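Take a look at the structures listed below.
What follows is a pair of complexes built around chain A, which joins chain B in one and chain C in the other.
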Partner chain A sequence: MADKVLMKGNEAIAEAAIKAGCRHYFGYPITPQTEVAAYMAKRMPKIGGTFLQAESEIAAINMVYGVASAGLRVMTSSSSPGISLKGEGISYLAGADLPALVVNVQRGGPGLGGIQPSQSDYFQSTRGGGHGDYHMIVLAPSSVQEMAELTVKAFELADKYRMTSMVLADGTMGQMMEPVDLNFDVAPAPEKPWATTGTEMKRKHNIVNSLSLVPEELEKLNIARFERYELVKKNETMYEEYMMDDADIAIAAFGIAARVSKNAVNEARKRGIKAGLIRPITLWPFPDAPFKKAATHVKQIISVELNMGQMIEDVRLASECKVPVTLCNRVGGMIPSPEQVLDAIVKASK
Partner chain B sequence: MSTKQFLFSGFGGQGILFAGKFIAYKGLIEDKQVSWLPSYGPEMRGGTASCSVIVSDEPVGSPIVTYPDVLVAMNLPSLDRFEGKVAPGGMIFLDSSLIEREVVRKDVKVFRIPATRLAGENGFPTLANMIIVGKILKELGEYNDEGLKAALAKVISAKHADMMEVNRKAIDLGASL
Partner chain C sequence: MIVYDKPHALLDVPLHYCPGCTHGIVHKLVAEVIDELGIEGKTIGIAPVGCSVMAYDYFACDMIEAAHGRAPAVATGVKRADPSKIVFTYQGDGDLASIGMAETVHAAARNENITVIFINNAIYGMTGGQMAPTSLVGQVTQTSPYGRDPKLCGYPIKVCELLSELEGAEYLERVTVNSIPHIRAAKKAIKKAFMNQIEGKGFSLIEVVSSCPTNWGMTPQNALKWIEEKMLPQYPLGVYKDRSNGEVKK
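Let's look at the complex of A and B:
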């Protein structure tokens, strides 16, 4: 453990991005993610990278579009209201099939909301967020170590499938410090023959664009994109199961909610209640399989969320409504306590 | 399994977050699982600051400390806010230079330390926090030279290396009380 350091989640994201070869960061400050930008501002100039505080979130996401078109690893980060502003740019990235990383360290909403942790951008993230038919790959870390590892993973998946990845965290994950081991390997970025890097008069022009005015063509593009999404669903779904083998009650939770729930599951087990936890790590693609399996042996699934009930819809779909799915939540920047989750488990067990 | 949950609280500027960071690093150096979570709301700017620290033999679940085993209260609003939350049998370390009232709870151990006064008298007026940290380490049986040195080296950046010795003095003073 001697080589572990204590780092804030936001800093771990920034350092991991640099390890992944990201040398371009564009952002605009907003609590509770500002440490990502602050860290990049300090580090990027020292390693020949670019840190740029744009004039707005919209400008920042369009700078991301530019660098991604040139085939380089690039990212931006923000918190909920800022992500809404980036929505148009994210849709354009999807339309142009560009790989990039967007980090959302969520805070309470809607509107300007508050600055305390929230998971209320689940719908926005998993359904795409902007206009048009598209998805992002959405990764939900629940430790500072995962903030780092999933940032690297997000870049790898983005390149592999030419998609925008999102790391979806919250104020707690961004602000907390935990030991991190950053000594992990990063595969080099793949070749990007589609990138606009200059033809040197040796090849045809590459064109990166999201405009397609011929409906027959645009339909084809959409269908091809969704065929790629099917591959992502098949190959890249990630989740953690905790004490699910003999569980009578299952908790569904991601990020900070999963950590709180783990405490509650342990306490329930001490009291003789067979509780378990399914923690989606990819929110899109959503891990259907563990919920389908759970529905064959649990009495109830409790979705623990920092919102008014968003992931619960995916849990119901995945478990095919074979068992009751109930909600245990806090909102507006509040976090459910382990005691609240335990109460829900005890109630469900009766 | 042993888990200790700490809640550090006081005014912004009293070194609340720093004290918590020190305890977290000391745990890390001693191969424990640790987490540190600050309050990052508007209260940081002039009001009460607090941070949750967990040091455990097991992986840390929720990093939020609601019922601390150890409460550090460096001002009255913090004691008022958190006294009722301390786990039965827990400990409260308070700065008696700034808090006049007695602790009402009877089921907790209370340590009244005139930390701000002592810090001023000893020529390190900004280190009342570390005097209290010293006292905590002693009461928990965690005062050991090696861990202290290593943790200080982690929390004090190279730029401020000259602060190392005076921090150590403050910790030792606290531990001697």
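Let's look at the complex of A and C:
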């Protein structure tokens, strides 16, 4: 295999999932993520895997629940309106502590919205998305290479912490083509003694369940889950800092917004403005540390987002409101231009 | 000499079902079939949301509790993960024929190689007796206090008849458990539904016309009579589809 292959972001996710050992994919057509399903439909039968187009997003996530219960790596993908439908199943996956991967290639909302890129599901994904107290591990790629790498990472983390992982991309990331190196290592799935694979008459029955009617017990389960989340926060938080050491102005941006912002930071530096970028790679757990640190030396943080200002709340919390945090955004499927971000940097520097 | 024993596949624990409820009978039939076929070790059961939500505590095989109506989709996942396993769902009428109708129809259309045990007692039991998709015309429930009015909320859904139109469905039979002969026939049907799966024939659904004395507001005995007099004319017993025999009831 050549070192690098030219792929769409959506295809990179699919091929990386296969490399990660995922042999079961369930999905439902929705733009702009349908290439994931189309790719899986072609590849899975050739490698002894299962591709199944479900009757709905709800059915797809519940098929995922079934395969996850059986202890195998499994995924579904969708785009914003479809993720809302999956919300029920994602909550059940969390309640039953099942590892799985959900990919959201976001489009503009609310409602049917549009089919162009968006980051307006930030709240939905970082806060869990469904009912109840829980989180998903949320990974935000900003290149096709990361679409692949973070897909593998998502499977590994899901297994390690018995959680659902989400790769939170957007229409641009899904549709754009870049060279990708798919030769990476994958940690094999751990043993899953809790899986419902049949007792073989050798052990007590396993039960996969999220029902707990005794409040004292349900409270304990919730607390234990959040103790596990603390480990995730401690061990797995990921971010990239770009030219932050001496920065006076910090940009906070993830995904496609971070790529646009990087260009703006370079241009600002050429003009003698000390701008830098903090790019969260895990949106949950959110990387508090770089923002706390930035707040000691920057005079403003600009949150660049494809929504009406969602991550900005986490940036304010992480920087403890010690410096002003402003929003630079486009919505409805629009993407901020490097010039728009540069203007915001210039304005902040004055 | 032991002439009768509790089936091994049914755990020796107290069931939470109301006195006179037929869930216990159907649980026992399913467990006996699992024992007789020697499949407990490779069987995975899917419990629904509804009265049988805690079935996972009663069956000795591995069990999964699914979201409301989603058991056939979960079963699809489990079966596709390892087709050598035996997978059954156990669902009530609200779960299977209302909120989960899409999952039911499509699992049948795909001829998913699973076994579905469908409890039709014409009411939502667990939530205290609301109108079900299978509630009879005129039936008084908490949410049809003046009787089910077809002008307002339509007619009961006949699941076996509906699914029998699908090319995919392998085996559909409606049984009841209101008398000893009926219980024996129900067991035979349940056994066939599991045998079909073992033989790789595909989607088999056994609809069990059942009673709910508590929410029907009857004694257990009167509830069994009500099955005979009111339920069975609306829900005639019989095989609605047996693809292997080319049989479709019209």
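The criterion applied here is as follows: the second predicted complex is superposed on the first by the 348 of 350 C-alpha atoms of A that agree within 3 Å, B and C clash if a C-alpha of one lies under 4 Å from a C-alpha of the other, contacts with A are read in each partner's own complex, and residues count from 1 in each chain.
As a convention for this text, contacts are C-beta pairs under 8 Å (C-beta built on N, C-alpha and C of every residue); 3 or more make two chains touch, one makes a residue touch a chain.
Just so it is clear, the structure is predicted and the values come from calculations on it, not from any experiment.
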In the superposed model, does chain B or chain C contact more residues of chain A? C
Looking at the overlay, what does A:Thr282 touch: chain B (first), chain C (second), both, or neither? neither
Which partner does A:Pro338 reach: the first (chain B), the second (chain C), both, or neither? first
Scan A:Asn329 for contacts with chain B and chain C and give back first, second, both or neither. neither
Of the two partner chains, chain B (first) and chain C (second), which one does A:Val67 touch, if any: first, second, both, or neither? second
Which partner chains sit in contact with A:Asn206 here, chain B, chain C, both or neither? Use first/second/both/neither. second
Look at A:Gln106 in the shared chain and tell me whether it touches chain B only, chain C only, both, or neither; answer first, second, both or neither. neither
Once chain A of both complexes is superposed, is A:Ser80 in touch with chain B (first), chain C (second), both, or neither? neither
Just chain B (first), just chain C (second), both, or neither: which does A:Val260 touch? first
Scan A:Gln119 for contacts with chain B and chain C and give back first, second, both or neither. neither
Which positions of chain A sit in both the chain B and the chain C interface? none
What part of chain C is in contact with chain A in the complex they form? 40-44, 46, 53-54, 56-57, 59-67, 70, 73-82, 85, 102-103, 105-106
In the complex, chain A touches chain B at residues 1, 4, 6, 31-32, 115-116, 171-172, 175-179, 256, 259-260, 262-263, 266, 335, 337-338
Contact set on chain B toward chain A in their complex: 21, 24-25, 28, 31, 33-38, 40-42, 60-64, 66, 154
For the chain A and chain C complex, residues of the former touching the latter: 24, 26, 50, 52, 54-56, 58-60, 62-72, 74, 88-89, 92, 96, 196-202, 205-211
